[in-house]
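Several structures are given next for inspection.
Note that chain A is present in both complexes that follow, paired respectively with chain B and with chain C.
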Partner chain A sequence: MKLKFIQQTLRSSKEFNFFFILCFSLGILGLILVESFKAGVEDRVSKRAKNFIASDLSISSRRQFTEVEKKNIEEVIKKNNLEYSEWIETYSLVSSVEKAKLADLNFVAAKFPFYGGVIFENGEKSNTADWETLSKSPVLWLSRDLSWELKVKVGDQLKIGESTFQVGKVFTEDQFSSFRGFNLAPKIFLSKNYLAETKLMQFGSTGSFAYLLKINDQNETLVRENFSKIIKDQTIKIKGPKESSEQIARSLNYLSDYLGLITLLTYILSLIGLYYFTHHFLSKGLKSIALFKALGFTPQKVFILNAAHLIILSLISLVVSFAAMLIMVPVLESLLLARIGEEFKLLFTSGVVLKVSLYSVIGCLLSLLPLILGAVKIPVNTVLQDIPQELKRLAFWYYLPLFFYVVLMAVIISHSIKIGIVFISALLILVGLGYLFFKTFSVLLEKSAKNKKLEIKHGFLALSRYFHSSFTIFMSLLLGVTLIVLIIQVEASLRNEFTSTTELRRPDLFMFDLQDNQEEAFKKLLNEQKLNVTMFSPMIRGRLTAINNGAIEQKKSDQEETFVTREEENQERFRTRGVNLSYRGKLSWSESITKGKFFSGRCDGEKIPCEISLEESYARRMNVNIGDKLTFDVSGIDIVGVVTSFRKVKWTSFEPNFFILFQPGLLEEAPKTFLASFKVKSIEERREIFQLISNNFANVSLLEVSEVVRKITEIFELMAFSIKIISFLSLAVALVVVWAVSFNHLELKIKEMKLFFLMGMTAEKRETIYKIESFLLTSMSIGLAIFSGTLITFLVLSFGFNITLEIRALYLISFLIILFIILNALLLFKIRNLVKRSEKALITF
Partner chain B sequence: MKKLFLCLSILISFNLYAEMSILILGDSLAEGYGLDESMAFPRVVEKKLIEKKKNVKVINGGVSGATSASGIQRLKWHLKKPVDVLLLELGANDGLRGLSVPDTKKNLKEIIKFAKEKKVKVMLLGILMPPNYGADYTGQFEKMYKDVAKEEKVPFLPFLLDGVAGNAKLNLPDGIHPNQKGHEVIAEKVVNFLEKNI
Partner chain C sequence: MKITVENVNKSFEQGKNKIHILKDISLNVADGEIVALLGKSGSGKTTLLSMLGGLEKPDSGNITIDQTNLYNKTESELCDWRAQNIGIVFQQFHLIAHLTAKENVSLPLEILNRDAESEAEMWLDKVGLKERLTHYPTMLSGGEQQRVAIARAMVSKPRLILADEPSGNLDVETGKRVMDLLFDIVKQNKTTMVLVTHDEELAKRADRIVHLVAGKCQ
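After this line comes the complex of A and B, so read on.
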């Protein structure tokens, strides 16, 4: 019986069903696209991270495996039918005829590596045959930096431990270096078969010992579990790509979180659309509901029938959007391939399907069930009344579950209570401001409409006459266009941050551990050799012991900690580590004062405490304010300072900087070392600097950072590009929802159009009324969106990325004008169509 | 005469009960890398000595990553306050970074000489390089400490990490730095060494 009624309802409301499914499918499609893109990005990172461990899974230890452990591990490998290799990494002195240098030795077994490789001097990437040759012969491959330092070339001999190896190849880049990239020494690859001959591995030797596994068709979780069962020692780590790329993952998590929030906005838009359609549908069907009740249906039954109708529509929408996604995946992937020049997989997995289905259905029910609750409250006697009925509006608390659900989604998606709440607050403020703006504007229009021509008057009055639906269109457009402004400006700001101004100053080499007594000699060398030093700074090691005389409690860092939110994780990371202090009297080009005043000259030493300038995010995390007194333990002596300013540091300059800067005059005598960064023009210059530093300051370490800088820049490039892609996808969804709602809004007016026709108004004038309304709605929402979008972009960039806002006014305005024209053209097309339809359908009035 | 005797008695008793200041100038081992500073061996040494009713104050002059080259400047800084005994625990990072052994020797000798000039009693805490650094280098490194101790005539503890290095139960997962138990073992050794040489 119930099924029959549901079938009948479905059949009798084809138009509503169509718009519901269209609107919701688009909203869901946005969610699927973002979730698939996020999964794709994670997969991409994971694949790159596999390079770091050269495998799918590694079992590693900082000590040699015992014979029992080896036996057990190899048994599981055999049982699970896995391919494996071995990798032993240790540090040792490597000697050429001229010199001895520390090197990072990598002894590799046959089949190494399953992923990644090295790039040789000639630009070619290592292949399987190269590695096979290496694993069978007493040759080694060494990094270019080391070949310079040892003054060796291919064919020369190098002594390692008790054995001698021939230089087989020289490489310039290795993909096994993680995002952190800073190794203590340059790398050498050589065969594990010759490790015993070197006699380097004895009791007390340090190194990293790893089994590398290739997982083909096996279930990774199961394989992990099998190994976990036999490995009792917790110092033996089972690592997959995720664990090996924690830093990349942390950066990309920020990206996914922001992308997720953009999608959430689109999803909310689609819920607004659904709410609007359902409200309209139920209002029209109030009489039928009253009739059902008159026929003896209980309100609960009527509620269930309507809810079942909406659930069926939601499920159909899910199926439609999943089907659309299946069609779109190859198209989008080829577009991505063309754009980024690399294969990018959109991962439409079962996990994504489940997640999106859950998000969608819960949101849909929470937003629409209160409407049905209102509808079933219609009195039975209205069946006999010949007046239009209005849907009973329910109190706001019926919508509280939906509100909390959206807040919860925002927190879950952003993995941060703070960001989630800021997002929801921003959204509420935007809706509130939008409402105030729209209400004021419609009242003003109403007042000014009095003496205007008939068509202008009706055009002006349209907003207040159909306030509910006009406001929905206005808000949907406002949110959609705010997204456009956000996308364009976030993308432009990120691009500007990473490419334009700072590229020329980005360092290629870092130097550290120059001692106090070497400072003068170093400066002399700089002058003589005309080296391009981009930064030279003292560094003093200290420990923050008290804030305003209150001691800082430090947790044991060897304890396992689990963090629920990102804030907790950050706070703990900041709280427990020692700090590096520095001093200088001038701001660097890559920093600016955001609060307080920078140092007032030199601290005279007598006038203790001296001034401190803190990096603003550090100050925020440590909960320190201007005027607070900080005490540092610097090599057993307490140093006290007062915070007088906060600095904003452009970290993307890659110029080394410090969270804590002291006023000059206090720390000069403290034990310190110096840091410097160099910008080099060519490989030859790089080589020259390596040799100069190595010859003149043996204790000083020099690191090549250009490769690490390039890797970080690449991550941010992907970030900027992803934001663009995802946001445009979300925007497209938002615009279609707006379009659908607007059309439905115009459909509502067909009766009014017929009335105007009957009054003898010409088609041209009737068109003008709705053109004015469309013009007002689109121009108002676009105008306000420029302001709100810029404000949100500023907030996102300042608090999320700590990046300066880059306004692309010309590009933005041109884009919005085009959007405005397209929207109005589409609406005009629909208006003309409806005006004609209203004349033809007069008979059905 | 009575007055003079009284003055001398006061001076002697003051000296007997005066706090002895011990500076441990070192690297991450002294700093207590990966642990709270209160668990690092300098603090444990202080605790143990106080438990033995010794009036001492131990200054933890450990800085992670410090090499012997930084020692002299850091010592000058610490000597702004009175120091009676210097336990020199530097050189491990020189070795781990493969720096020149003669340079490390020169730096250590310079630190010892400077401390002696300032009337500070010096004791040397030696370290051995792991065998993976090669027999040549580890041999040179071991000999270097012995030579410094002999040439400068300072008490010498040949291997600070004896019984700790290579024992997974006494080290952090990095296999290099001692854990809390490891620091306890080191502290015990250092206390014995101090008691024998003061």
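After this line comes the complex of A and C, so read on.
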């Protein structure tokens, strides 16, 4: 029986069903896209992280494992039936006929690597057979930089320790990370079989020793637990992909959080649309509801019938969105491939389906069920009345569950209570300001309407007196266009940050480890060779020990893995990290003072403490303010300074820079090394610099920045592409909502259009009234959205990405003018259609 | 206003079927006369009323008002003609919901580009709603809404009032009071009125009754 009524309701409300499904499907599609993108990112990061450690799990130590430890580890490996390999990393001088150079030596056992590899000079990626050749004879593979510095080629001999190896291959790129953290020495790969012959590993020799494990069907958590039980020494680390890829995961996680919030806004926009359609639909159907009640249906039954209708529509919307996603996935993946030059999988998994279904249906029900509750409260005697009834408005607390749900979603999506709450607050402020603006504007229109021409007067009144539906259109358009302005400006600003002037000034080579006593010789060389050095800076290792005499809290150990916000992650990371200090009297081109004053000359030794300038986000994370006193441990000596300024650093310049800068005059005598960056024109010049530096300073390391830039650019391209896709989707949702809401809004006016016609108002005048209304609504919301969108972009960029706002005024204005024309053309089409329809009516309505 | 309806036919397509609403209707209404069109639902009363208001074209036949064929006019001329000559009162009042009582009454004068405010106030006073000028329709009772509708129909001093079941949505007592008002005003202003009703008692108050049965005058 109930099913029959639901079928009848579905059949009799085709237009409502269509708009509901269209609007909701687009909203859900946004959520699916972002969730699939997030899952894809996690998968990519996890795969890349597996490449970093060449395995699923690694057990590593900075010292050689004892025999007991080895026995225990190998027993667990056997018990769990795991595949394993070994990787020993150490540093040593490597000598060719002409030169010697410090290199990062990687001795690898059979089966290495389970994941990842190296890219050879010819562009081919290493395969299993290649790695096997290493163990068959004393050959090695070395990086191209090193081959330049040592002036060797394939087939030449290199001496390592007490052994001689032949250069087997030269590689340009390797996907592995280092177990020793900040690693800049050029790499060499050789077989572990020949380690003993080199005699590099004596008692007390330093190095990293790792067991690499491949987990097939085994339970990773269980395997970890088994190893944790037998490993008592805290210096032995058990690392999975998650722990080894913090940096890249962080960048991509921030991206998916940001996209998530944009999508949440799109989803909220679609809920506004659904709310409006359902409100209109139920208002029209109030009499039927009263009739059902009159026929003996209990309010509960009427509620269930209507709720079932909406649930069915929600489920259909889910199916439509999932089907659309299935079609879109291959297209988007091929677009991504073309864009970033690498395969990127959008993971549209059952987990994503479940998550999105849950998110969307709960949101839909929480926003629409209060409407049905209001509708079923219609008195039964309405059946006997011929007067149109208003849908009863429920008190605000009926919508509190929806509000808390949206807040919760914002926090979950952004992984940050702070960002989640800031997002919701910004949204509420925007709605509040929008309301104030619209209310004020309506009052002004109302007042000025009185003495205006007929069409203008009624155009104004049509807007101000239909406040709720006008405000819904205004707000939908405001939110949608704000979103579009935000997306366009963020994308433009990010693009500007990575290209344009920054790209021109970006260095190509970094130089590290120049010792104190080599400074003068290096400067002399620079003068002689006219090298283009973009930056030269001292670096002193230290550890922050106290802020205003309060000791820094050490890392909490063995924290349970729970929901951790991004802020907690950051604080934990920064709290315990050793820091690099530097000193300099001038700001570089890539930095500017945001608070306080930069150093007042040299620290003269009497004016103690000396001044410190902090990078602003570092200061924020460490909760340090201007005037705070910081104490650092530098080689066992306490160095105290007072913070006098905060700096904004353009990190995308890739200029070496420091979170903490001291005033010159204090750290000059501390043990230090120097960093420098070079700008080079060609690969030949790059090779020349490599050889020049290595000829003169054998201990110094050089690093090509281009590889780092390539990886960052890849992330950026991914960001730009994702932002574009989401922006198209947001635009589509905003247009559908605005189009549907405005059409509905105009439909409501067919009665007055008929009356105007019956009273003898010409078609031209009737049309003008609604054209004025549409023009006012669209221009007001788009105008305000330019302002609000730019303001929000500024806030997002300043506090989220720490980059400068780039206003693409011409692009933005042209885009919005086109949007304005399209919207008004659509509305004009609808107005003309209604004006014509109203003329065909008989006196009866 | 003198109305002449000659051999008018009107039919509508309903799916594949053609329904003949009016069949060869002829009717004369003298200037200042009140004619009641009496008939059952579906007899064509409202269609005939629409044609008299220039809202619906006949398939064949002529409708002349003061010797002018109504349907020789252009759309724009018809609009002007309606604004100057016609006032309509509906069964369901049909006031514009977002306009106040005074604004609803002012509207016909504004369309004619005439001074509206004092005239509207005067008419609302005439129908006993002086205190309700700024009230919106939802704030008025059914009887009050119909009185506003009468004021709106009369404010432009039309020469023809078309009334479609004007008391159909009111209780007997209110309906009687409102009809008294309508008839008084129409008679005072010597306005021609065509009243559609199926209430024989109300029809009897007209100068003449025309029975419409299955699309034909009897």
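Criterion: the second predicted complex is superposed on the first by the 599 of 845 C-alpha atoms of A that agree within 3 Å, B and C clash if a C-alpha of one lies under 4 Å from a C-alpha of the other, contacts with A are read in each partner's own complex, and residues count from 1 in each chain.
In this text, a residue touches a chain if its C-beta (ideal position, glycine included) is under 8 Å from a C-beta of that chain, and two chains touch if they have at least 3 such contacts.
As the structure is a prediction and not an experimental result, all values here were calculated from the model.
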item: Partner chain(s) touched by A:A763 [first = chain B, second = chain C, both, neither]; value: second
item: Contacts of A:P379 with chain B and chain C, given as first, second, both or neither; value: neither
item: Partner chain(s) touched by A:G601 [first = chain B, second = chain C, both, neither]; value: neither
item: Which of chain B and chain C A:N699 touches, first, second, both or neither; value: first
item: Partner chain(s) touched by A:E752 [first = chain B, second = chain C, both, neither]; value: second
item: First (chain B), second (chain C), both or neither touched by A:G432; value: neither
item: First (chain B), second (chain C), both or neither touched by A:L461; value: second
item: If touched residues of chain A are counted for chain B and for chain C, the larger one; value: B
item: Chain B versus chain C as contact partner of A:G585, first or second or both or neither; value: neither
item: Chain C - residues contacting chain A, complex; value: 46-47, 49-50, 53, 55-56, 75-76, 79-84, 86, 88, 90, 92, 94, 96-99, 103, 107-108, 110-113, 138, 142, 162, 164, 169
item: Touching residues (chain side chain B, partner chain A) in the complex; value: 23, 31, 34-37, 39, 59-61, 63-67, 69-70, 72-74, 76-78, 80-81, 94, 96-100, 103, 128, 130-137, 165-166, 168, 172-176, 179-180
item: Chain B partner contacts - residues on chain A that touch it in the complex; value: 62-63, 90-93, 95, 100-102, 160-162, 184-185, 199-207, 233-235, 237, 513, 515-518, 541, 543, 554-558, 578, 634-637, 669-673, 698-699, 701
item: Chain A to chain C touching residues, read off their complex; value: 386-387, 390, 454, 457, 461-462, 465-466, 751-752, 755-763, 765, 839, 841-845
